Amino acid sequence: MSDKSRFLRLPVEPFTIVPDASVDDLLTRMERISFQGRNLATARRIWERMLGDECTIFLGAAGALSAGGLRLILAYLIEHRYIDCLISTGANLYHDLHETRGRRHYIGSPREDDARLQEDRIDRVYDTYANEDEFVDNDEWIAAFALTLPHRPYTSREFLYLLGKYLWEQTGQCGILTAAYRASVPIFCPGVADSSIGMGLSQARHQDGGAGHIDVTGDIIESTNLVLRRPRTASIVLGGGTPKNFINQATVQAEFYDSAVRGHRYALQIVTDVPHFGGASGATLEEAQSWGKLATDAEQVTVHADVSIALPVLVTALAAGARETLAARKPLRFDLSGPIMAVEGRPFPQAQFEAGDR
Amino acid sequence: MSDKSRFLRLPVEPFTIVPDASVDDLLTRMERISFQGRNLATARRIWERMLGDECTIFLGAAGALSAGGLRLILAYLIEHRYIDCLISTGANLYHDLHETRGRRHYIGSPREDDARLQEDRIDRVYDTYANEDEFVDNDEWIAAFALTLPHRPYTSREFLYLLGKYLWEQTGQCGILTAAYRASVPIFCPGVADSSIGMGLSQARHQDGGAGHIDVTGDIIESTNLVLRRPRTASIVLGGGTPKNFINQATVQAEFYDSAVRGHRYALQIVTDVPHFGGASGATLEEAQSWGKLATDAEQVTVHADVSIALPVLVTALAAGARETLAARKPLRFDLSGPIMAVEGRPFPQAQFEAGDR
Amino acid sequence: MSDKSRFLRLPVEPFTIVPDASVDDLLTRMERISFQGRNLATARRIWERMLGDECTIFLGAAGALSAGGLRLILAYLIEHRYIDCLISTGANLYHDLHETRGRRHYIGSPREDDARLQEDRIDRVYDTYANEDEFVDNDEWIAAFALTLPHRPYTSREFLYLLGKYLWEQTGQCGILTAAYRASVPIFCPGVADSSIGMGLSQARHQDGGAGHIDVTGDIIESTNLVLRRPRTASIVLGGGTPKNFINQATVQAEFYDSAVRGHRYALQIVTDVPHFGGASGATLEEAQSWGKLATDAEQVTVHADVSIALPVLVTALAAGARETLAARKPLRFDLSGPIMAVEGRPFPQAQFEAGDR
Amino acid sequence: MSDKSRFLRLPVEPFTIVPDASVDDLLTRMERISFQGRNLATARRIWERMLGDECTIFLGAAGALSAGGLRLILAYLIEHRYIDCLISTGANLYHDLHETRGRRHYIGSPREDDARLQEDRIDRVYDTYANEDEFVDNDEWIAAFALTLPHRPYTSREFLYLLGKYLWEQTGQCGILTAAYRASVPIFCPGVADSSIGMGLSQARHQDGGAGHIDVTGDIIESTNLVLRRPRTASIVLGGGTPKNFINQATVQAEFYDSAVRGHRYALQIVTDVPHFGGASGATLEEAQSWGKLATDAEQVTVHADVSIALPVLVTALAAGARETLAARKPLRFDLSGPIMAVEGRPFPQAQFEAGDR
């Protein structure tokens, strides 16, 4: 006999318009609708559970988030410790630095004549413009900063900490890099060579052959040690790209050294890419389970949406609803001032994975 | 000499987190970010301008909006006259009828075993379930209703008005069909044969060879006459499909009979499809201008987002911010009770386009 | 103990470049690669199996296939009986008629200024142009034809048969409509009101109030009877839209009248839409199984690709590889000349579903 | 007066089925259809023109191309010098190494239970499986190789050359890395830290604190010097990601040192991502012009398609049609054996950009 009741338990609750609703209330009621609206609402609940659990929360940020007006959301998440570690593309950090230094991005049009923009040295990111001359100046500013550092390799994590510190000292302005410096939240940038920060470093090298050494292998070790130190982890991914894989790679690498590592306990991703072309950005969280990147019993959700819509809604609602959970949270305390990070006062080993069972 | 100031006028304003923000405030601040977040915020402003102008607002609804929990938003838009005419797929009206009759859709999973669902006669729409036995009952209910109607062709507009009336009398419940009946807002369903409403009609025909005649050609004439009567029109499209083209076709057909018709003055579409495969659902609003579907000076915006995220945010903010504009609006008054619609007391001609200059 | 061999059976075979390869050979070797390349190659094999089985093959065509240069592929499939029944949007039939009448579509650019196009009365479909004056002439030609028909309702299937006949008599040119007429292959157009064919019909009505009656309810019955007559069916979908649902609806409706109907035995779809927004165009074939649209043991594949790339490759390879299978195929013989279709000499009942077990 | 003839010059030529057609012929006839089919055909012509011009051709490869069965196409392009420089994700090189070492990827299903796969240590890439134990062995093999290298920083370019050399000596098998070694074609991997190659390097470091130093800043300088040496360049992008930006960054950085650099003269990209979310992967080639990444008069085309469909078709047709052009081509001769690359016998400067006008 058919047993429909297994499947027909919780009805969809049609969304009703409450004109003065708060974002928190809106998203709460979206939990009972369908499709990506429901997924966005679910994402908030999963993030809340990450905060209520004792776990290390990684956030990966790809796409033109900073140029597009979302950098202060990331700064907020860092400052208030909704996350413990940021993995970013170079562009997001570079455009953050651009604004922290007092420059702006501008409202533009995706249909402007790009030949005219080139002529006027305006760089376009879809519907957003920037002044290329200011970008050239940023590159030189980064190069000048890099030239002040002693000649040795720096992980991207250490370099970005020092860059954030310098930026804070110079500007006193809030942004991703400065918030991370002040909150001692580590930032990794595994693809730093593929960004204007990398261009600044190469200009430093041009002037001084010993400058501009970034040790990306050290980044792999340090990010893996973060997982080895506390294998209870969570992954939040905005947009895919290198940050998504780097976060997942850390758990795979950690499992190689300690079989107790089982993958992230929580995962949420906000992506516009799709799985069926085989690329990592669009890969499902189920696929991540086959690799052990994600625990098979993880709580997880994928939201198929533009981050520029999803993130303002999600973080506003989270900030309203998770106040107590956040207040009760005891985030990891990092010391990022040296070449080797310390967590809760205990440094990682030098150039080594922390001992597991291998 | 370069003149960057032409392009660099209005800076992007980074979005900041205000935990207790209203949806209205959230969307207001999203006007100054980039990408689809900005477009969603712009959509609200354009809709406001539609309401403040004396124009006829068409809304097209494709995609599983009713099954997915958005039907009461559409009912709200109809009841409060944010729109003047709905063009819908059959499915959205059918799933609305299903719930108005007291049945529900259910929270499900896109990863359930569909063979098991088939066995238990559960129909799945991505992450949403319905009881197929209830659908069979709906079909028969629609057939029974159709059998009560005198033998003659009915435009989908007239049929849906009568269906809404009967549904209201039977249930007294709010929904798309009943709200449209009560507010005398016309609904067209150009693809009615491609839906379970069509299936109900065919079951009526099976029992009575003279029943179930829908006159879709009449729908074309009546929708065109709406444009001819007042060529100042606006188009809101949710998801593309037949409703999108039908709304545009009305202006093209109207222009054939009256060269003063110049296309919609306002247009907003929320779509997930893209232009580059050549299909109508993803076509840009610029392309629509080549056809004269849209005035070349129209205010317009495309939001690339799932309607299940975009619509709750958009309509909540609109309802908060457009109160006065809406109160001042004088929407067209329709009489929908006969085979030929009357507008402001004046009926359209029988089986003819209203005289223009042709 | 781990048993990897369950999963690791058939290796991916890296594709190698053979400069003079035939399309048939290319696609054969693509069966051993991954992602959508493999799916496209699999689609050919499934279509071959449809041809080798005794089943009724439905093909649904949405998107601007005719304007985009694919209409003679559809004509080829009809003429050589790779398919038994076409379900099309009105636009594809209209643009086919346009070319069969000797007019052309033109190579254009998606970046042209649409205001200039409007001024010159050029209609744009992404990167393709048409002369709007010729479209106006087509509409009037269709209206004039519709005015020659006796006053009674016509299913879209009967109307399109008569239109194809007239078009053939007038032009003697090959196209979708004329090939279907000559091969007696039925065409359904459930959304005919949403197309320029519908506009032509409305112009006929404008001149003669008794003209232009299309009986879309009759289409539902006739398409369902096709399934009831031989429940062994296959579904090929290009692009989603109303044709996709109409093909599936026929099996659902048929099952209502005959519980022996179990859904399509084969299904292949070439779509660019995705499942996670809940719309029917992007719905997976698994989801179709929950509804009984597709048999739970059906052979099926979804190809995520633009039809303008996939179809030329797929049909060329199919035509090369399936010669013998096609020669052995005994396609259904239809008589389409009257209001009620006959199959293998036996007409369907008038205004009724063919008796099943209900 | 209207002048339609400006726009209506070249008609779309409906594609006809020629069962035994070669891929070359197929693609030639697809030049006269529309949408992405036309774009794919155009891509071949633009690549031909790159080959016929005296320019440096960069190819960027992102997405799971090697796992998905496309690695020997890349090897073919390298060996026959259809390209001059490869920029790749680490994953594509790693999966290439995996197969060159004699292991395989396997045909799988996107719907398999990932918990079972995890249990059996099978890694899934959409519809493709790999043996995780073999991956672990690869990592250790890479680590062992890295430990043989003297302690100093290596650009990814130099490291990959040495890895290809070693791989060739060990296996004698054809693949991307070995073909590039044998043809002295440089490979850059700007995101090497975000891949299993990076994991292997980190395991080397774990064993020997002086091992595994990759100098990504050096990669920026060397790739820029390639552009400075001969500013006439072309960009071919498969799938976006870090390779796409790295290729474009090289021209931007080069322009900083030499104002004669004007951006790529030719560009073709095959992507599935879209522009409207603001990410670099989906960015249009027009947008690239605003940055000076692409010359404003460049010949360019974007193909929206899965590389697993587009690449086999494109390269097969190119190989057939461009034989003479290729034979006449004089590709740059590289010496890659040292830390600093030499081109046509002339090495780049040490740790410096080659002198331009800055």
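To keep things simple, chains are lettered A, B, C and D as they appear, and every chain counts its residues starting from 1.
To be clear about the criterion, a residue touches a chain if its C-beta (ideal position, glycine included) is under 8 Å from a C-beta of that chain, and two chains touch if they have at least 3 such contacts.
Model, not experiment: these values are computed from the prediction.
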Could you label the subunit A-subunit C interface same or different, taking same to mean over half of its residue numbers are used by both chains? same
Higher C-beta contact count, B-D or A-D? A-D
Indicate the whole-number Å distance between the mean C-alpha point of subunit C and the mean C-alpha point of subunit D. 38
Starting from the mean Cα coordinates of subunit B and subunit D, work out the distance between those two points in Å. 45
Suppose each chain is reduced to the average of its Cα coordinates; what separation in Å results between subunit A and subunit D? 26
Please output the residue numbers of subunit D that touch at least 2 other chains, ranges allowed. 34-36, 64, 67-68, 112, 117, 122, 125-128, 274, 276-278, 286, 304, 306, 308
Which residues of subunit A touch subunit D in their complex? 62-64, 67-68, 91, 110, 112, 114-115, 117-118, 122-128, 132, 136, 139, 153, 190-196, 198-199, 201-203, 205-206, 209, 212-221, 224, 239, 241-242, 245-246, 249, 252-253, 256, 272-281, 283, 286-292, 296, 306-308, 350-353
Across the complex, what residues on subunit D touch subunit C? 2-4, 6-24, 26, 29-30, 32-38, 40, 64, 67-73, 76, 99, 104-108, 111-112, 117, 119-122, 125-129, 131, 286, 304-306, 308-310, 312-313, 315-316, 319-320, 323
Sort out for me which residues of subunit C touch subunit A in the complex. 34-36, 274, 276-278, 304
